[in-house]
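Listed below are the structures to be examined.
Paired with chain B in one complex and with chain C in the other, chain A is shared by the two complexes that follow.
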Partner chain A sequence: MKSLVLVVAITFLVFGCSKENSFDEREINLISPEKISGFDPINASDKYSANEAGKVYEGLFEFHPLKRPYELIPNLAESLPVVSLDGLNYTFKLRKGVYFHDSPVFKQNIGRELNAHDVIFSIKRLADPKLNAKGWWILDDRLVGLNEWRIKNSKNEKTNYEEEIEGLKVLDDYTLQIKLNKPYPQFLYALAMPYTFVVAREAVEFYGKEFLNYPVGTGAFVLPKFEQSSMITYFRNPKFREKLYPSEGEEGDDKLGLLADAGKKIPLVDKINVHVMVESQPKWLSFMKAKNDLLEVKDVNIQQSITPDRTLKSDHKEKGIRLIMKPMLDVTYFAFNHDEPIFKNKKLRQAMNLAFDRASYNRLFHENTAFEAQGPIPPGLDGQKKEFKNPYIKYDVELAKKYLAEAGFPGGKGLPTIVVQTRSDTVSRQQVEFFEKCMEKIGINIDIGMNTWPELVNKVTKKQHQMYTMAWGADYPDAENFLGLLYCPNQAPGSNGANYCNPEFDTIFKQATVLQDSPERTDLYEKLNEMIAFDVPWILGFHRTDIYLTQAWLKNFKHMEFNHSQFQYLNVDLEVKKQLLNKF
Partner chain B sequence: MKEKSLWKDALGRLIKDKWAFGSLIVVLTYSLIAVLSASGVIAQDWAKEVGASNLAPGSEYWFGTDIFGRDVFTKVLHGTKIAMSVGLMTALIAIPIGVTLGALAGYYGGWVDDFITWLYTTFSSIPNIMLLISITMILGKGIFSVYVALGATSWVTLCRLIRGEVIKHKEREYVQAAGAIGGSHFRKLFIHILPNVTHIIIINTSLQFQFAIKSEVILSYLGLGVQGEPSWGTMIDDAKLELTRGIWWQLAGATFAMFLVVLAFNLLGDALRDSLDPKLKGK
Partner chain C sequence: MIKYIIRRLLYLIPVLLGVCFIIFILFNLVAGDPTAVLLGKNATAAQMIELREQLGLNKTLTEQYFDVVKSAFTFNFGHSWSTKQEISQMILRGAYPSLCLTLPAFIVATIFSLIIALVVAFYRGKGIDLFIRILCIAGVSISALAYILFFQYFFAFKFGWFEISGFEYGFPNFIPFVALPGIIFIILSLGPDVRFFRTVILDEIYQDYVRTARAKGLSDLSILLKHVLRNALIPIITYVIIQVPYLILGALLLENFFSIPGLGGITLNALNSSDFPVIKAMAILSSVLYILLSLFTDILYTFADPRVKLK
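For the complex of A and B:
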């Protein structure tokens, strides 16, 4: 009896304390599906760390939250830069009245105004050889004198930030000049990426190694200290500058209510809670219990929420939940290691490609929501012609057998067992198992190599693999980001993990990368895309579809590929939430 | 009254115990399935697509089909081979190590004992699953690594038990007598003492078998075990994604197969102890 009393008491204690949805605070609840690796922008290489860094830090530019195709707009910069005729000299004007968050690193704990020195410092930090930043590749061999500075300082005991670099000049407190050593048409995109977010030198020096846990930015939200736990809570930055919600967007945005807050000062909410939830089922359940406002639906959860004809299930509709499905700018692939002699055999690559049953794969693993990739460039970017159909993207076992025989391996005879490296989670394993079954049909034996994510990256970087599986998501809306995956100088440890080298491809790629966006460049991109379609350096997979569910009370969410800057615009309608909550 | 030998007596008692006898039959059946599967008589076509994906259990496919339309029942049978082979190989690796080290430590004492005691206490202080994971990481993944990893981690209990028993026995009169007529250390230890502690090895093997089977399932579930062929662990791993969609048969098939054999080994181990340990006789 005593124990029963105790149980009852504990129950009251637990449930008495648990806060039900409160309506006095304008808060939104989001999910991060991976653990956050810290808040140092120069290392925010994965999407989820970038999303968190983007709530606190800002860059010189950002993508317009509503307009599509993606449009770069000035953020910490006052306007787009003045560029010299040769495309090498960029002069930036900074916005006045941008203040860092209040923090003990500043005098009297009050955040100071941002100036041109901060921008230069942040770029130098990205190049600092001692920090070995994951984002260095975006500026590697781009700025005059920056690489030389990096090499020189790698020998010094301490990096010398005082030294002037020719390519990075402060003209006055609000003006800076950046000099490129060759045209870099994607340069402004680089200044919208998390790697170049502006940090305060005081904070870097004050916190030292702990800097990644104490974000001091200029953004719309404040996080005094980051702790690795299941929830991160951001508060509205009370001193945030006058930044307004955009008043124009894509056609149809006003009908979707995305312009209701036009002209209002952001941020529109007081608090953002980010719940770190790795397992798919708890994420889905907590969304269905209204504990979260936004859910990225993947794999197995697709069937639970969406009917086969791509509409929301009726129980979801009753709760007011909305469905957003948009094609992603990404590509998945099975890469060959072209250093392996057998894969120099083009007929073999083509045979394997023809034996891969994409339709069944799409049904089993993507619920038919993905699109078969015709080339590496996803639709929506210049370089992928709509009508282009890759002749090798079809499932034809007989033709595959013929090609395999022509390759010198009739019925797979003479071929060693090929090991495909992948991640060790269940879905990755099943995907390679499926591939194994496809190859079995033409007599090729496949083994699965299962790895943790760091192990897989390590094997690819050290070229210790025959084949591996990968997905690449766009860093910025330019096909160069995808074609570069097959450019010879980008070989491992660079992004060309397939170690593919095709001199003809490289020549055209080099020509294209220094061109500004133009029909001429698009032509070159299209040529490269088709070259890859015929040469089959990878077995192309899919361009996937992003599927989001949002609660009715979450406002201003629009699908966005590079969404780290998007959260500052979100809003919540508490009236709607109050009305709908009893349906959950 | 005719004198019965220790073994005959034990066997008689084992057969009289319904549960123990049933367990023995179960274990023998599993072993038979494993042998037949290993020799290619059954479950060779586990990779064949027999029907649509994720068919529910029915008269045609007793345990249903998996995501690729493969028969789950055949996969369970194939998994039996993996599980039993892991049990057997682990025992073959662990028993010689455990018995030899335990016997040496118990018999010689002194620094030999100190060293071996240090060794096994160190081993047992490391959480087992962590040790297993690190060994498979070093050796690379695959069934061979599972054998080695489990063999290398599961000798500790046996070693400790044997050491204790040998310490007890080495002061007994029959050992003294063997010494008195000129028996060497080797003779005393391996010819006289060891046969008297064999029952511990047998009981322990039975228990070790089920530990190995469980560990293989855990390792395969974590993606560290068997690669490229079905084992009960990978089936349960698959089921993780299927359960929410109401596809329960892979989980049910694998866990039921595992449940039965682990239970059988446990009951058998208990029964063996009851019938073999002379101290428990008549209780």
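For the complex of A and C:
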């Protein structure tokens, strides 16, 4: 009985003990909606792992935090590279005075200066067959000798990092040269992605398999050890180089206060706490209790945040909360499997497209915040003309019935039941149920195939499906990343899960992908985008919208699709925080 | 008794072989190829082939099965395929928050349930019995999710009595974080526990020895505590101890909503990413625990009822 009393007493002792907000340090509190598995940049394939890696590691380049369209700027590189006329040789100059974090892996625990060998080592690590990195695709068959090195080492007991590769040369401690085997216009984007962030060889060798838990980078923040927990705390890197907050951005940034810290040395805060929260409710409540400074609004929280006319709700305005809504670089779609004979019938594909009621779908599942996709390329990237309207992106049941009859299936007669594979969560199921109702109106029967994520991926990669639902987010700001989803050589198990093959499309795609950013390339992208609109290889869905809420005291946050390096620019206004906290 | 314990421990061998066989069949025949999930959205065919080789998925089925058996008997589960973390470390680190949440809550829930069950059994057929039975049925009829959403919103957010979510390692740091989910755990357990304990106690109340005790002039309370409870202990011990493996494996919903980095979340992540070594480790761990706790239950029977002999 005594123990019972003790347990009850302890429980009640904690009543009223929830932690208060701290003003002692310049800290910001963020949320990661997914668990972080580790800090090895070569495997930071999802947005959230990339965000965490970007706090401690850096790449040769990064995206300008304010300018739009996205602009690459040198980071560990001193300047943009010198590129040979044929576009194959890139010479990079590294910034001097960049140091790795202090760590026991270095002599006397003091971080040493970064050099060109580190960059080459990090690229070789990405290609190491023993590591089978998730990011290998960005360099696969791109650099002279790298694939050969990978194949050779796959047969060796241990990967030989000493062996020289023709395409990767150190010219001096601060200069390196990379040789491509064919033009790769997206190459510099690859060098801004987390996969190519620079790591220290000493750390990799010292920690071995535990390397992913001991990030030793050159970034603005330090994390001595990563452990699976509900919170990750980063501290300001006291030895971070002289890196300044940008003094220019896009039009309007000044008015939004985004240039108030121009010219100041970054990072501007002492500490970042990242709270790992998977479910919507705790994220929302925690933000509304001012325990977090930034909230990515999704699902049920959209209704709680904004009014039907897409403005911030008044009670949030009173607390100084700000709303940021920007279109995402993504596309959602229902893919046909073009290996299935029935889907070789273009009229059938067009009929199904016309029968899909996108307006209702948008209202039901996206709170009217998404944009109907006119093609696979999202607005904001070259290749998607603003004025272009896809003739099959309209809801017209009568026309759909006419097309279906012309396809040889009047009223759906003779057409087998089509199974649409999707994920087994409630929203995915409801989305396909809605699609089922739309198709029912023209006489097409749909069955729903429910799958766990591994099962769905497995069916797509093995071509064991008729249709499936998917969303694709940009890896870098180039339409090639979207058009490649319909390039025949990429068919399953590659990213073209629809197994769509159109020789004309493939020829133009191949021409476009070797061209640098130019009006000629944009023309080709536009042509491909329109070709897809007419050929209907997918039932196009939407380009979704990113919705963020920020507390009034969080400064310098600007929507950024590739925001892994953005956190070093954030700031907090403690005075504003003190003033506003009583409203929460 | 020693012989009995050794024999029961030897049963572990065929049981583990069976568990290995079932999870191996489920993984190989039902789950399919994990490489596409593990390599992410830009996986290439060549990479998938390489990864299959590295993960040992190209070995014969017999070889793969023996690998599973070997890890089950050595408890060396290697590294996670998806997170690349060492599995034993993942389990140790995840078990702590899971147990911090579930163990105290489980003990309190069991004690409360037993007390309530004794009270309602004592007043069987009266108003309080009916009232508590209705409460219990209502309690189990409401989804666990509803409790979580309601309690988190009102007690953590509106009244600010508890932390909304999170976890800190070390005593007593974890208490503010597990207090509210612990209370929800207790409430969720009360309904089924009270109903079960009440039924068991009532079964005993109608036995002949209770009538004899009454005839001898013992008070109802004394009969209930000294005789009925003792005789009802065997099914109660079985019911209570069998729940222990589930405590270690975590309370998935509570862990997710309160951001407690326990084993429930680790298992769910492993299932969603085809992380066979982690799934295998969790399945084997729970089987071993189940068997050991069954044995422990049998030993406890001898203390609860001296007539029970382990042969």
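We adopt the following convention: the second predicted complex is superposed on the first by the 567 of 584 C-alpha atoms of A that agree within 3 Å, B and C clash if a C-alpha of one lies under 4 Å from a C-alpha of the other, contacts with A are read in each partner's own complex, and residues count from 1 in each chain.
Note that in this section a contact is a pair of C-beta atoms (placed from the backbone, for glycine too) under 8 Å apart; a residue touches a chain by one contact, two chains touch by 3 or more.
Computed from a predicted structure; not experimentally measured.
Looking at the shared chain after the overlay, A:436 reaches chain B, while chain C stays out of its contact range. Touch criterion met: A:281 reaches chain B and chain C at once.
Of the two partner chains, chain C is the only one that A:129 touches; chain B does not reach it.
In the superposition on chain A, contact of A:424 is made with chain B only, not with chain C.
In the overlay built on the shared chain, the residue A:364 is in contact with chain B alone; chain C does not reach it.
With both complexes superposed, C is the one of chain B and chain C in contact with more chain A residues. Residues 281 of chain A are contacted both by chain B in one complex and by chain C in the other. Chain contact summary for the complex, chain B toward chain A: residues 47, 49, 53, 67-68, 141, 222-224, 227-228, 234, 237-238, 240-242, 244-245. The residues of chain C lying in touch with chain A in their complex are 31-34, 36-37, 39-48, 50-51, 54, 79-80, 82-86, 90, 93-94, 104, 107-108, 111, 149, 152-153, 156-157, 160-167, 169, 172, 175-177, 179, 182-183, 256-261, 265-266, 269, 271-274. Taken in their complex, chain A has these residues touching chain B: 280-281, 284, 299-301, 303-304, 364, 424-427, 429-430, 433-434, 436-437, 440, 447-450. Residues of chain A that touch chain C in their complex: 4, 7-8, 10-11, 13-19, 35, 37-38, 40, 43, 45-46, 129-130, 132, 134, 136-138, 140, 154, 209-210, 212-213, 227-231, 275-279, 281-282, 285-286, 288-289, 291, 452-455, 457-458, 460-462, 472, 475, 493-495.
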